[in-house]
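Common to both upcoming complexes is chain A, partnered first by chain B, then by chain C.
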Partner chain A sequence: MSRPRSHAEYLSRLVPPSVAGLRRRSLLAGAAGGGVLLGTGLLAGCGDADPEGSGSTTVSLGSNQSDPKPKEVTAKVMDGFRASSGITVAVNTVDHNTFQENINNYLQGKPDDVFMWFAGYRMRFFAGRGLAADLSDVWSGLSGMSDAFRKASTGDDGKQYFVPSSYYPWAVFYRKSVWQQYGYQVPKTLGELTTLAAEMKKDGLSPIAFADKDGWPAMGTFDILNLRINGYQFHIDLMAGKESWTSGKVRTVFDTWRGLLPLHQPDSLGRTWQEAAQSLQQKKSGMYLLGLFVAQQFRDDEQDDLDFFTFPEIDPAVGAKALDAPIDGYMMARRPKAEDNARKLLAYVGSKAAADIVVKNDPSTLVANSEADTSGYTALQRKAAELVGSATEIAQFLDRDTRPDFASTVIIPALQQFIREPADIDGLTTSIENQKKSIFTD
Partner chain B sequence: MTTATRTGHAPPAPLRARRPLRPARVVLHVFLAAVAIGWLFPILWAVLTSLRSYEYTAVHGYVSLGGWTLDNYLTAWRTAEFGRHLLNSVYITVPAVLLTLLLASCVAFVIARFSWKANLVLLGLFTAANLLPQQALLIPLFRLFTQVPLPAFMSDSELLYDSYWGLILVNVAFQCGFCVFVLSNYMKALPRDLYEAAMVDGASIWRQYWQVTMPLCRPALAALATLEVTWIYNEFFWATVLMRTGDKFPVTSSLNNLRGEFFTDNNLVSAGSVLVAIPTLVIFFLLQRQFVRGLTLGASKG
Partner chain C sequence: MSDQSQVPQDHAVPSAVTTTTTGGRRRRLRVLSRTDRVVIALMVLVPLLLVVGLVWLPALATVGLSATDWDGIGPVGDIEWVGARNYADVVGNYPPFVPAVQNNLLWLAALFVVATPFGMFLAVLLDKELRGTRFYQTALYLPVVLSLALIGFVWQLIYSRDQGLLNGVFGTDVDWYGDPDVNIWAVLVAAGWRHVGYVMLLYLAGLKGVDPSLREAAAVDGASEVNTFFKVVFPVLRPINIIVLVVTVIESLRAFDLVWVINKGRNGLELLSALVTANVVGEASRIGFGSALATSMLVVSLVFITVYLTTVMREDRR
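For the complex of A and B:
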């Protein structure tokens, strides 16, 4: 398929222009066919054979939490909702990747009343297309949500479309035992980080574990360098296509990265992040910049040995307070079948009660609600929560903060090319800028 | 082989058992063995991987031996809920195959037995539909399916979208072309005398179709059924885009359940893939003869 010429054309491909008309027509067809469908639209409930009349005690939820543990936690949260409200949630679980790839179809077809999604550009995009419902009234009843989370839940029109439930930060992870053994100290500046890495090299470790076979892990490195060098606002503007990739600012990012590359594990393009994480776990690498999910590669008895620090300061004027912490949460379909119940469910998943259930059952995630009882957190979780709590700005990760086509078709190959040939920064940034212009055209 | 007998002085059969080993023959066999291994390698590799624990391969790499376990199969069966999804596949495959064969044989019968002007056009239409890339029809079909209402007792989605009916229809539509092509060629090869005799005996068109043609087409139908079951069972694309409810996915789409959000255990996915492939393998080995015949069916016009 050729690349769309304009922003409008791109959008029109994602959302067929006839969708609005389609809905009207299908409603008419529904009315002619049964009459029943007219009042409720075509957004019938999922999974249960309940007649329309009993819709008052059910609500449907599209879930991408297909991994066994999160799936179980979701079920427990929904049980909690039923216990407190008497409303049964019909959970439609679709595996995480399929859900994400199908989201366009899903939202235009017949989505569940409430569905799980991500904060950031990906949320604003669908909110802007009118495929998600305004949740400002749910937000007015929520307590314990920080301003950073409110900001991350707000669409371009200033209304909230998203209820955050959990998140995880990106940071530099290491094994305490290894650092104690060699007497390493947490670096506070880029200079200290380079010195530390050189020391690690001398001690026979790969200083920084690194992998980019899947394409996305290197985005984390780019993001954090960009946030440290140019700050949060530049990150957002760059991702929105407003800033130029050929600017000196971006070049500095790549330049700094080039200086750090020799300290990274070599041949990273043939390595998955699991393998890189295992090199950390096997004490072959000194540290690894990744999300909190790196802990999945560690055995239960090794969890306490895992620690992290936020990426050190590069420019004192910018500081080291911003970071990537992707937020997962819930949204409501544009025309839910059981709207009242959907709003109740959304208020519940954002509440302290739901957060408490998550904390009690899942050690690999952090909950968004600050009033939640976090005494069940592991030391690592508590530290991660503090880190994000003290963050001045929370970015959502490169591919969640920009257009999906830009992230996957331009940035992934570009970063991989940079890792292969770090010398040609000019050529690289020019190429990204040219491709950006053909994608962000308005 | 027959040349020896024709020359007249061939030795008796038991004596000519061994032929001299010619270089060309050696090359041929090396080539055949290499190709066979090339084809089998990915499958054997998957089976091998599926029998080993992730912890072992994570430490020792995949080019190693050890860490044998059957746990992957148990976990795959349980986490991906293959039991339910295999049943979903049956709901889709069985009606779709039966309907395809019924409809295709009707069209083929008309094309083969009646000569009227639109005959060739009709055959062309059905064959051409075969050549259409299915993906190109995604958007129109998707929109169509979200507009066609179904009564609630047929599908809880109350639409063709997200219902087994929709998937069955799509599969029937896309498979009919090939079946019509094959069956019409097969039917054309049936002796005309049979129909003349049937007509003399006063058999109606329906009777000619159902009681004369269909029994004679049994081998062709068996071959097609084998192929179609495999194809429809393996179908993945439509089941992913036209279904919304995770619990209604057929087994091929539900294989994705084994991929984690951040982490994919390849050993587990291998075990799942082997499980999903088993029904096709069973069908193939049981009906091997039909399968091979199916490949050449319709290749020549009797």
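For the complex of A and C:
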């Protein structure tokens, strides 16, 4: 976004878009309504101008970590920050999905000084639109961050806008005890996976747990199939709208998926991922393609029984080295009230100290800082870190790698349609491509 | 509307009497004190401003935005006009649109044919002063009072495929929320559950107001219970009937909360209101496209509003 051209425009940016829209219309309509609402704008301006000097000892954080476990970990990290800096963090926790869906209004309204977000297309988008602040100076003080993370934190203009804190891979999870009981072996190719799944079916298990009531989990399946069949570059280009959905390559992905669907748990469109994970935990399903957060659905004494493998190779020419590993982290609002404290907080959450606290408390994530003491990692975490470390390319997950309007209003209904009626692939891909053209216009 | 036109007169006439004791009625009305004129002006202007500012301007702005491809970010100057492209996309290039229109109509039909008559029936029963009538009233009205988050949770407990009450009790594995042929009916049951209570309360209030002598007269003439209701009570309740009808239409047009809580109005539960929200309010921010959807919803509502208003006005003139 460009610099404001006038004082009125500057003020207009201070109010949320809903109000701003009303105000514009009123101004067009007549002086009376406009005057009243202009008053609101001025008041908002005064509110923002309230001096919160550098001597203040608070900073606000918008958190999307609403599940009990991550919420607790966030609180512990913030306690650590207070202990080291004397600055209190006012954490404003919002339901994870709600936070994500309201992000536009949130960032244009009065966001918290620091807010949690993801790496990927959207981070770069907000940076490009001037809704997030440049964090290059915070980055210059960070140590222990790999080049891959620096790259993932960099906007289109080459500056950093994001401090990574944790990440997690998507893989196929299973219970060791179940696999030992039946003598299953980790599949290395798609053929082996299909054979294994057929065996599981015979043994009375749902071979692959599956849930897509919320619309996003199926994206993980699409991602990994596309990465295995067509490779990382094609996947990223497809997400960026540069490749056609009607191409034979995308068709092959859906064709392969159609072949695998009978091996998935049926009636997935009415099931939440938590319920699917519990079917794995209750030994009713054989395996489950999901993020490492699946571990949250397992009791503490069952954590050691959980294991995973990366989705097997489909095309030997492509290999099995790419995967989804979304990075979570922190960003700073464009005009934070307590900017100094916000920068201190961002430096802290990217530090070894904060990473150590996370490692100690949450077995379902991996910390971004490589200097962190990872001796506290469970076997599962260590294996996950190795998996991501050995990956040749890392994707961020479909809804983080493409435009959100495309992901939520086109891809989610389309994938649900596919799960419902897997036969009509041509109609499906044509529909996606037509809708893509109407969305990727600029 | 009729309220607003009544109010100023009530204030005006008595004070006019105090200021002028002589002269005809026409003169008395013209000579209003300054206070009266200010009051009248305020009485007219304040509601007018509110209606124009909060209803008509946003509605017109929505129609205006529907011809743009605004994404909700950045100054107004950057908005690009795209003409009718959004409308063409809504109709021809947006698979959820047609099911949404169908579902809205189905919703209207289900509430109108099943839930509303059932609510009226319950009201008639409760009007009989049964024992524990207070308890039944409360129980039936409770769903209207409960918060939407709680209702979604309650029905999730009942309908969940793997862990739900229904499948647990009957030993079935129907995918109540996931199967697009089933879930709309499952949700209509939940919506009806709420609507029945609402209609019941409205109608019960009306029934309490019916002059008992009418019923007595009908009984003396030897009319049966059923005949008394349909030929005497029902016609007398005309105003309440119209309110119930309007409430039913409004409820089915703005139906939103339940499907949103369940699965954001996808996969068989598409509703126009949910599509508007998914496009405008969510992370997507397809403001222009969502506005085109909202405008189509406005057009549908206008049809019903026009039919209603013409009927009511024709009645008044008679």
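We take it that the second predicted complex is superposed on the first by the 385 of 442 C-alpha atoms of A that agree within 3 Å, B and C clash if a C-alpha of one lies under 4 Å from a C-alpha of the other, contacts with A are read in each partner's own complex, and residues count from 1 in each chain.
Here is the rule we go by: a residue touches a chain if its C-beta (ideal position, glycine included) is under 8 Å from a C-beta of that chain, and two chains touch if they have at least 3 such contacts.
These figures come from a predicted structure and were not determined experimentally.
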{"item": "Touching partner for A:F293 - first (chain B), second (chain C), both, neither", "value": "first"}
{"item": "First, second, both or neither for A:Y106, with chain B first and chain C second", "value": "first"}
{"item": "Chain B versus chain C as contact partner of A:S279, first or second or both or neither", "value": "second"}
{"item": "Contacts of A:V388 with chain B and chain C, given as first, second, both or neither", "value": "neither"}
{"item": "Touched partner set for A:G215, first chain B, second chain C, both or neither", "value": "second"}
{"item": "Chain C-contacting residues of chain A that also contact chain B", "value": "22, 25-26, 29, 33, 102, 105, 108, 278"}
{"item": "Chain A-touching residues of chain B, taken from the complex the two chains share", "value": "58-59, 79, 139, 142-143, 146-149, 151-152, 156-159, 161-162, 240-241, 244-247, 249, 253-254, 256-257, 259-263"}
{"item": "Chain A to chain B touching residues, read off their complex", "value": "16, 18, 22, 25-26, 29-30, 33-34, 37, 42, 44-49, 51, 62, 64, 66-68, 70, 92-98, 102, 105-106, 108-111, 273-274, 278, 282, 291, 293, 296-297"}
{"item": "In the complex with chain C, residue positions of chain A that touch it", "value": "1, 9, 12-13, 17, 21-22, 24-26, 29, 32-33, 100-105, 108, 129, 131, 213-215, 266-271, 275, 278-279, 404-405, 408-409, 412-414, 416-417, 420, 431, 434-435, 438-439, 441"}
{"item": "In the complex with chain A, residue positions of chain C that touch it", "value": "49, 52-53, 57-58, 60-61, 65, 69, 71-76, 85, 89, 93-96, 159-163, 173, 175-180, 183, 263-264, 266-267, 278-279, 281-286"}
